[in-house]
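Next up: some structures, all given as structure tokens.
Two complexes follow with chain A in common, the first pairing it with chain B and the second with chain C.
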Partner chain A sequence: MFDLSQTLALLQFGDSAYPAGGFAFSWGIEGLLADGFVPSRGALEALIAEHLTFRWASFDRVLLGRAFRAESLEEITEIDRLTEALTLTLQMREGSRRAGKALIGVASKLGGTRAHAYRQHMSGDATLGHLTVVQGLVYRDFGVTLPAAELLSGWTLVTGLVSAATRLGAIGHIEAQASLATAREVLADLLLAPVPADAEPQSFTPLIDIAVARGPARQVRMFAT
Partner chain B sequence: MIAGAQLDLGFVRHGQRTLLGRKLFSWPFVLTRAHHIDPAPGHMLSVMLQTGAGAIHGEDRLVQRISVGAGAAAYVTSQGAASVHRAHSGDCTEEEVRLDVAPGGALEYLPEPRILFPDAALDARVELAVAEGGMALVGDAFTLHDPGGGDRVFRSYRSEVLVRRPGGAPLAIDRFAINGLPMQVGGHRAFGSLYLVVDRDTETVLRMAAELTAALAEVDGLYGAASPLPAGLGLGIRLAAGELRALRAGTALTWRHLRRELFGVYPGPRPG
Partner chain C sequence: MNQLAKDTQSKQIAAARLGIGGPVGSGKTAMVERLIPVLMARGIDIAVITNDLVTAEDAERVRRSGLIDPARVSAVEAGACPHTVIREDPTLNIEAADELERRFPGVELILIESGGDNLASTFSRDLTDFWMFVIDVAGGDDIPRKRGPGVIRSDLLVINKTDLAPHVGVNLPKMHEEALKVREGRPVLLTNCRKGEGIDAVVDLIEREVLFRR
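The block that comes next holds the complex of A and B.
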């Protein structure tokens, strides 16, 4: 039996129509496609699994949990600064902050109290507002539980990656649904494993980092990351 | 020597030369003769580290400290790739490197890559503190090797690089903890990162990133890019390759490119 209220919240916040600013980012898909590393749907699905396993689960999910549990603006700021320090690629930092600022802007306008307070608090510091931190505080604002917030974070990443691949012409709409189903299984397995209490945020995605950092050198590109 | 350090080097500026004011080492480290071989900075002292053991074993705990004083310049490398052998269950090889650079100091710390053997367990940590006005280029790289010719991999590999100003909180943190490699798209099995800490304005750092990224694209078999680090620290460089040769070529290109960018000329020739 599922929780009806949580499920409806997931459908709303996980809907691609929810204005969270994610459409400008491919998180490395565009670059890896351009550099010939995603020649097939299988390779795309391996890449999505890498994103989820070697970055989202060990990095975003850990930081989101900390932000979700944080009780003060100072605590959230500290987590945001840590996220900045841990994100070595400029375009990833910029993309994360842009997406985070879009999400917190919408949440603030929709009456999210923590979102509103943190949006004002961070307004003078351009290095704050990372997406995963904002997800933690915004989803709590709207009564979403931490497990559901983690699911939303992982799933919106998956849909963003698959959407980017579709818009770039790497896969068709039917293939996209198949890739979503494959990614769903990977995400479900990851979500079933709890985050250890002493987990420290870390990631190992060198190819994605390189593809994103090579972005400014590309003559034509559709996405910011 | 800091507690537990088997290698403790202190480079100091003395007139027109950089000298080793502190030179303490014990097993397994061996220090060969130091040389002045670079046209610029002309006072730079180059040192090659060797390990008498020839390899790193499961129960080893290796601690290094290198400090570069005000106005001094040092280039530190190692004799060859360091093999990290199998660790018995419950054991974990530990490596700790602490690097300190004073104002006006310059350090290039570019050890050869590690080669992780099947069932190796490694916990490596580098702490880099560079004062305003100091400069550092630090490299960290690894590959895998299965002597049986199979696909066996290391048991665990945790790596952490912290970059900070002296006494401050880390401003850049590169951390991973893996027990296998991610997707094999492209067949990459050799990976490296370099960290350049240098005082340059944002525009200059962006130009440096673009130029170095373009140069790395010319190296056969290498996938690499440079990107500005957080907090205006400098540049972070990521390299990936199918084998060690291309990774070494990428590291050498990065070093030579940045030496010319920062000091105006390429490095002097090293003993082959």
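The block that comes next holds the complex of A and C.
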């Protein structure tokens, strides 16, 4: 039997209609599509798996867990600064901060005490507010467990990628659902493996990083990343 | 209680936020370009956000216009969803506006220009205090009769490019009358942004209805 309250929270916060600006970020899909790297649904699914396996699971998830457990503004700030330092490209850093600030802004207005305090704390520092850190902070505010917070983080990344690919015309609406089903399996496998206590954040997604970094140089661009 | 639970006094949001929406090519950016010097001449401290659909062209156009400090112009990408970014999920625009307020204390009015959209486009009240919808005579004099939400629900409807009316077979007085009728008498103003005609009346209304100055 599943926990009804947690499940309903997951449906609300994991809904693509949840207003946190996610629709404006393609996390490299737009650029990769423009450069011919997404010729098929299979290629898209491979990219999603790459995002999940080599960045989200080993980097975002580790930092999210730390932020979730943090008990002071100083601790969270330190995790945020580490995220900034370890995120390779300027465009990825900016995108992560913009997405994080949108999410924390909504959570703060909805009465999240941790979200409100950290939003005030970080307002004078343009390098703070990374999405994965904010997710850890905000989802705890919302009363979800750490495993549920990890699931939300991974799933909102997946839906954002698939939604961007659909709006860019790379796949149709039926293919999108098939891609979501494929990504669900990848995400489930990753979530079943616990994060080691001594895990250090690491990522290696050069193709995606380069695609995001090239964003500002593109003449036609609809997404923030 | 841990430190995170401490609340701190939030800065009061001071700037009014004014949305400018309307179909593609109706003259929204031209409206912004005409409003900026008149607002500034009247001593109003302003900033601008643009929501370009596929490029940052509008933002660059305003930045390069020489009318306003380029740092006061922000571009927000709409992810191919011009409706969403101003209505269902305006969070990115709200954050951009908050950021402009932080960077420019004392800013009184933030103009938020939507990407070109259709007649169903409306602004969230969480994002804007007041919004105008810009249509133009060349889009057809039947637009008011179609009664789209943008035409009906906006705080101000602007019919732009009035100079083109005789060239596109539009009876402008009739179009104006029909617009007032479908909006049940709420404001409808006529402009020719190319020559700056009608802009003072728009700014008068902004001062009166948005900034409560007049």
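The working rule: the second predicted complex is superposed on the first by the 225 of 225 C-alpha atoms of A that agree within 3 Å, B and C clash if a C-alpha of one lies under 4 Å from a C-alpha of the other, contacts with A are read in each partner's own complex, and residues count from 1 in each chain.
Criterion: a residue touches a chain if its C-beta (ideal position, glycine included) is under 8 Å from a C-beta of that chain, and two chains touch if they have at least 3 such contacts.
Since the model is a prediction, treat every value here as computed from it, not as a measurement.
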### Message
So in the superposed three-chain picture, is A:58 touching just chain B, just chain C, both, or none of them (first/second/both/neither)?
### Response
first
### Task
Could you look at A:87 and tell me whether it touches chain B, chain C, both or neither (first, second, both, neither)?
first
### Query
Should A:101 be classified as contacting the first partner (chain B), the second (chain C), both, or neither?
second
### Message
On the A-aligned overlay, A:223 touches which partner chain: chain B = first, chain C = second, or both, or neither?
### Response
second
### Query
Looking at the overlay, what does A:43 touch: chain B (first), chain C (second), both, or neither?
first
### Message
Going by the contact rule set out at the top, does A:120 touch chain B (first), chain C (second), both, or neither?
### Response
second
### Query
After superposition on the shared chain, which partner residues are touched by A:71: those of chain B (first), chain C (second), both, or neither?
second
#### Entry: Partner chain A, residues of chain C touching it in the complex
2-8, 10, 53-56, 76-81, 84-85, 88-92, 94-95, 98, 102
### Message
Show me the residue ranges of chain A that touch chain B in the complex, using the header's touch definition.
### Response
32, 35, 37-38, 43, 46-47, 49-50, 53-54, 58, 82, 84-91, 93, 127, 200-207, 209-214, 216-217
### Message
Using the touch definition from the top, list the residues of chain A that touch chain C in their complex.
### Response
17, 19-26, 70-74, 76, 98, 101-103, 105-106, 113-114, 116-118, 120-121, 123-124, 164, 167-168, 219-224
### Task
In the complex, go through chain B and note every residue touching chain A.
170-178, 182-186, 188, 191, 193, 209-210, 213-214, 217, 223-231, 236, 238-240
